[in-house]
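Below you'll find a set of structures to go through.
Heads up, the next two complexes both have subunit A, just with different partners, subunit B and then subunit C.
Moving on, here comes the complex of A and B:
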C-alpha cells in the first residue's frame, strides 16, 4: 500500500515538475524550429527569469504570478536586442557559428548577472499555504506553476494555430523560401520568433522558482539546459508543443520511476532515474526518429 | 642635460636611503640582558587570486594576526634565542601546479621548515607529497578531506576538523538532549565530500545507539527531492542529517517544509551557515541546524579552557575580531580563524620541542593540546588528523544564527525539539 501511495505522490509531483520542464523547453524548440539555431545558452535565460521573480518579490513584494508578465516583456526585449546585435548576422552562417555565439552569450549573461546579484544562492518564501492531495502535501505555489504552465502553453498553441502571424511563423518553419514567395517577411518572423523564444524562456524561469523558490544562483541554468535538450529532442526538436508534451512525460518518468527503481535492492534509485529517462529517449528516437511530435 | 643629472642624483639618494633602511630592518634587535632575537619564517603558498582568492586572503590575514600576537607576547623561545615569526606568503593562484613548485621553493630556496598549507582539500593534497619529500612540516588549515591523512605522510598535520567529524557533534548534541530520539535518517548529496561526511556519521551514530531508519542519496543538481522525501516520511524518523552544498541544502529544507515532515532536529551541511539560508526560507528555517568549523560569537576563552583543564594560547575572540576588522573592514570568516590556529599550533609545538627540526616538532605535536579562538587543537599521532577540534553547531533561532554546541563554544541553548512546520506556519520561532 505504501508503495502505491508513494508512486501516486511521485507521479503527482512529476506531472507538476513536467509541466514546468515543458514550458521551459518551448522557447528552445521555437528558436530551433524557425531559425535553426541551437540555443546552448538556454539555461542562462531561465536564470534571468528566476532572478526577476526573486527581485520583484524581495524588493517590492510582487508575487511571482505578476512577475510572469514582466518576465516575458524583459525576455522579449533581451531577445530582440540579441537578435539585432548578433543573431541577424548569423542566420545564414554555418551552424557552428551561431552555436558558439549563443554559447558566448549564455556565459556573458551569467557573468553579467553575477555583477548584479553576486554568486550567492538565494531564494524567496511566498507562503500561500497548501493542500493535502492524493497521499501527499502540495503547496499552492506548485499548483500555480502547474496551472500557469498549461495556460501559457495553450495560449502559445492557439496563437500559432489561429492568428495570421502565428501561421506565418509556421509557414517559415515548413519552408523558408516558399514563405518568402508568398510575401512573408522572413526576417521579421525571425526577429519575432527569436524574441518570443527568449521571452518564453525567461518567463519559464519565474515558473521554475514557483516550483523551487530556493537555490537561485547565476549558474543554475546548466542543469536546465541539459534537461531542455533531452526534452526538446524527445518532443521533436522543432516543435514547441511537442516539447511541452515531452516535458510532461519527462517529469513523470523522472519522478515516477523512482518508486519502481527503489524496488531493486542495493541501488540508489535517484541516480538511476536520469539513466532511465535517457533510455526512454533512445527508445522513442529508435521508433520515431523525428521525436514524439516531429511531424507536426 | 642638467635636469637629467639632478634626477640621477635624486634617484641615487633615494635608493641608498631605501637600501640602508632595509638593511637596518633586517638587523636583529637585541634587547639588553636577553638572548638573541631572530626571525623565523613560516611559509604559506596561499590563494590570493583565482577561485579561492577570498578564502585565501582571509586565511592569510588570520595567519598574520596570529603571528603578530605571538611576536607581541614574547615570540617563540627556543633555548636562549627568541624567534619572531614572519609569514612568507606566495600566491598560488588557486592552482595545483603552482602549489607544488611553491612548496619546493619554500623548502629549498627560502629554507623554510614550517609550511601552512594552501586553501582547500585539493590544493593541500597536491602540497602534501612535496612537503613529505623535503621533510618540512605542512599544517592543513583549509583541507578537511580525510583522504589526505590516509596516505601515510608523517610531516602533514591538520588543524581543522576532518570531513568525517562534520556531523558527529550534532549527534552528540541530540544524544545529550534526548536519549530517546533513536530513529535517525540520512539524506545527502551523492558527492565525494558529503559521502565522506555522512558515511562516517552513520558509523558514529550506530556507536551512539541510533537506529538508521532511512538512508538515501540524491544526485548533484536535483531540482525535486519529493521522491526521496515521500519515502522518508513513511520511515517516520526523529532526527535527520543530510545535505551537501548550497542549493540542495536549501531545497532539502524547503521540501521538508512543503511535505510537512516533522522532525525533532535537523542538521544540514553547508547551506544553513549562510545568511541567505534564512532569507530564502523565512521562518521555516527556524530550528534548522548545521555544522561549521568556526563562527563569530563562539565562546572559546581562557576561562572555558581552564574549565576543561587545557592551556589557552593566542589572542582572545575580541582581540582577534577587532584585529581582523581593522585590517579587512569586515568580520572574519572561519577560514581566518582556522589559519590563525595553525600558526599558533606551530609556535606551541616548536616551543615544546625546543628545536627547529621539523621531525622533532612533529613528535612534540603528538601530545600537544591547547585551546585557542578556534577551539581545541589535538592531533591523532598516527595520521596527523585533527581530533581535538569540534565542529560548532549553529542553529537558526528567532531569525539569528546561534551557536548551540559544543557547550564550551555555545552562546545559546539548543532549541529542541524544533517547532513543527504547522507551528511555524502559525509564526512560531525558536524561543517564542
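Moving on, here comes the complex of A and C:
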C-alpha cells in the first residue's frame, strides 16, 4: 500500500516538524500569557532567525545548531529594544493600540530586512546524511532539529519551574497585583518575558531553515504567523507548554491532510492545507476558545 | 441630538477634490488615489473605528468584491452589458455579505484580541482556497480586457474602466461617509460607541452587543466589497489572487483610520488625504520603501496621537462655531 506508507511517513515527518512548530509558538504564548499582548508580527521574528542561520552558514560555515546561541542572544536584544521603545507604553493601553503596534513592528522588520537582504528566495543545504525510519529516510538535520526543540523546551520548562525568577514570571501570569504586593518588580518581569519570548521565536527561526531548503525570504513569516496562531489557540493561547504540545498536533494535522488532499484530482494540495489552517483556527475559536488543551 | 452638518464639510471636500482633479492637468490620477484610500478607510472605520475591534482580514473583502464583479463580467458576458454589470454589483455585495456573515458569526462571539486572531487567517484562507482549489482561474486570475473588448467594443471598455469605474468609486466613497454619519446619529452608533468604551457595561444596559457588532461588521464588509468591484475589477480590468489579497491594503486602511481619528466621520478623509499624497510622492521619491516609512508612522501615531488628527481637531473646535462641522 503505497498510500498508507506515504501517509505514515508524512505523519512521522509531521511530528518532527511539529516539534519545531511548537517551539516557534512558545514565545507567542509566553508574551500573551505575561503581558496580555498579542504579537501579531510574530512571523517577522522567525524570518530574522532564518536569516541568521543562513548567513552564519554561508559566510562562516557555522552549522545552524551553533547559530542557535547567537539567535537567542540577538532575539533577546531585539525584544528588549522593542519593549523599551514601544511595548512598555502599551501594556495598559486598549487592545487596539498594542495589536496595531505589534503589527506595525512586524512590517517594519520585514521591510527593513528587505532593504538589507533583498526580496529573493535564498537557501542553504547542510548535508550530514540520514537514517532510514519506517518507510522513509529521515535526514539527520531534521532529527537534530527535533531533538533541539525538545531540549530547548525542556530547559525553558525547568527554568520556569525551578528558578526564582521563573517562579516570579508565573506569579505575574497568575495575578499581576498580587505579584506586585509580594515585592516582584512587575515591569522587570515584563521586560524579561517579552525579550525571552522574542528570543525563543528568533531561535526557532534557525530550526525552521532545516525544513525549508530554499524557502528563506523576508516575507516568509506570514505563513508562520498564521500557523503559530492556530497552534497557540489550540494550546490555550496563554500557555507556552500547551503551545508546545499543540505544535505536534498541528504538524500531524497539516501533513496528514496534505496527503489526503493530494488524493483529490485537479487541486493543489499545498494551497488547500493553508486554507485548512485558517478553517481550523476559526473552528477551534468557535468550539473552545480557551484551547483544546485548556491551558496549563 | 442629531447633527448632520459635518456632511457639509465632507461633501465640500469631495467637491474641491473633484474640481482640482478635473481642472488641473495631471491631477486626476492622484485625486482618484486619494479617493480610493478615503473609501478604504471610511469602510474600515465603520467597524474598527466604532467598535475598537481590529479586522486583520479586511482586504479579503475587497478581494471577494473584486472577484464578484470579475466573475459576472468574465463568465456572463452573454447577458449584455447592463445586466452583467448589475449582476457584478449583486455578486460583489453577496460574496462580501456571505464572507462577513460567516466570519462575523464565528469571530464576533469572541472579544478583543481573540477576534483579531480569528481574522488573521481569513485573508490567507480565501486566497489559498482560490489558489489551491483552482477556483475562478486559480493563480492565473480573471483577465477581462480581451473579453470586454470583444463583447462590447473598445470604446465601451474604455468608458467602463475610466469614467464608470471612477464615478462608481466616488459614489461608494461618499455613500460610506453618509452611512457613517447616519450610524453616528443613530441608536446603532450610540450602542457601538458604548460597547467600544466598555462592552460589559453596554451589555448590562441592554444593548445587544453581538447584533450591533455584526451589523457594523457586515456594513463595513459590503462597502469594502463594492470598493474592490469598482476600484480594482472595473478600473484595472483584471483580477489576480496575489494582487487582491495583498495584506498591505489592510495595513494601509488601518493607518488611515488611526491617523485621521478612529470613529469619526472626517477621520478617514483626512487620513486618506495625508496618506495617499504621502504615498504618491514617496513612491516617486523612494520607490518600494512606503511600508518601511509607514510602519514607524503608525507606531508613532498610536503612541503619541491615539485620537488621530480629527479627534484632536474636534477637541480643539469644541465651544467654537466650527464645532458642528467637525466630527
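What to note about this one:
By definition in this document, the second predicted complex is superposed on the first by the 257 of 296 C-alpha atoms of A that agree within 3 Å, B and C clash if a C-alpha of one lies under 4 Å from a C-alpha of the other, contacts with A are read in each partner's own complex, and residues count from 1 in each chain.
As a convention for this text, a contact is a pair of C-beta atoms (placed from the backbone, for glycine too) under 8 Å apart; a residue touches a chain by one contact, two chains touch by 3 or more.
The shown structure was predicted, so the numbers you read here are calculated from the model rather than taken from an experiment.
Shared-chain residue A:84: touches no atom of subunit B or subunit C.
When the shared chain is aligned, subunit B comes close enough to touch A:212, but subunit C does not. When the two complexes are overlaid on their common chain A, residue A:266 makes contact with subunit C while staying clear of subunit B. Of the two partner chains placed by superposition, only subunit C is touched by A:96; subunit B is not. In the superposition on chain A, A:274 contacts both subunit B and subunit C. In the superposition on chain A, A:151 makes contact with neither subunit B nor subunit C.
Look at A:233: by the touch rule set out above, it reaches subunit C but stays clear of subunit B.
Touch criterion met: A:125 reaches subunit B, while subunit C stays clear of it.
The intersection of subunit A residues touching subunit B with those touching subunit C, taken from the two complexes, comprises 222-223, 268-271, 273-274.
Taken in their complex, subunit A has these residues touching subunit C: 32, 36, 38, 40, 86, 89-90, 93-97, 99-101, 103-105, 107-108, 110-112, 114-115, 222-223, 225-226, 229-230, 232-233, 237, 266-275, 277-279, 281-282, 285-286, 289.
Interface residues of subunit A facing subunit B in the complex, by the touch rule stated above, are 2, 6, 9-10, 13, 17, 58, 120-125, 127, 129-130, 136-139, 142, 208, 211-217, 220, 222-223, 254-255, 258-259, 262, 268-271, 273-274.
On the subunit C side of its complex with subunit A, the touching residues are 48, 52-54, 56, 103, 106-107, 109-110, 112-114, 116-118, 120-122, 124-126, 128-129, 131-134, 138, 247, 251, 254, 258, 262, 289, 291-292, 294-296, 298-299, 302-303, 306. Within the complex formed with subunit A, the residues of subunit B that make contact are 190, 216-219, 221-224, 226-228, 230-231, 234, 246-248, 250-251, 253-254, 258-260, 271, 274, 276, 279-282, 284, 425.
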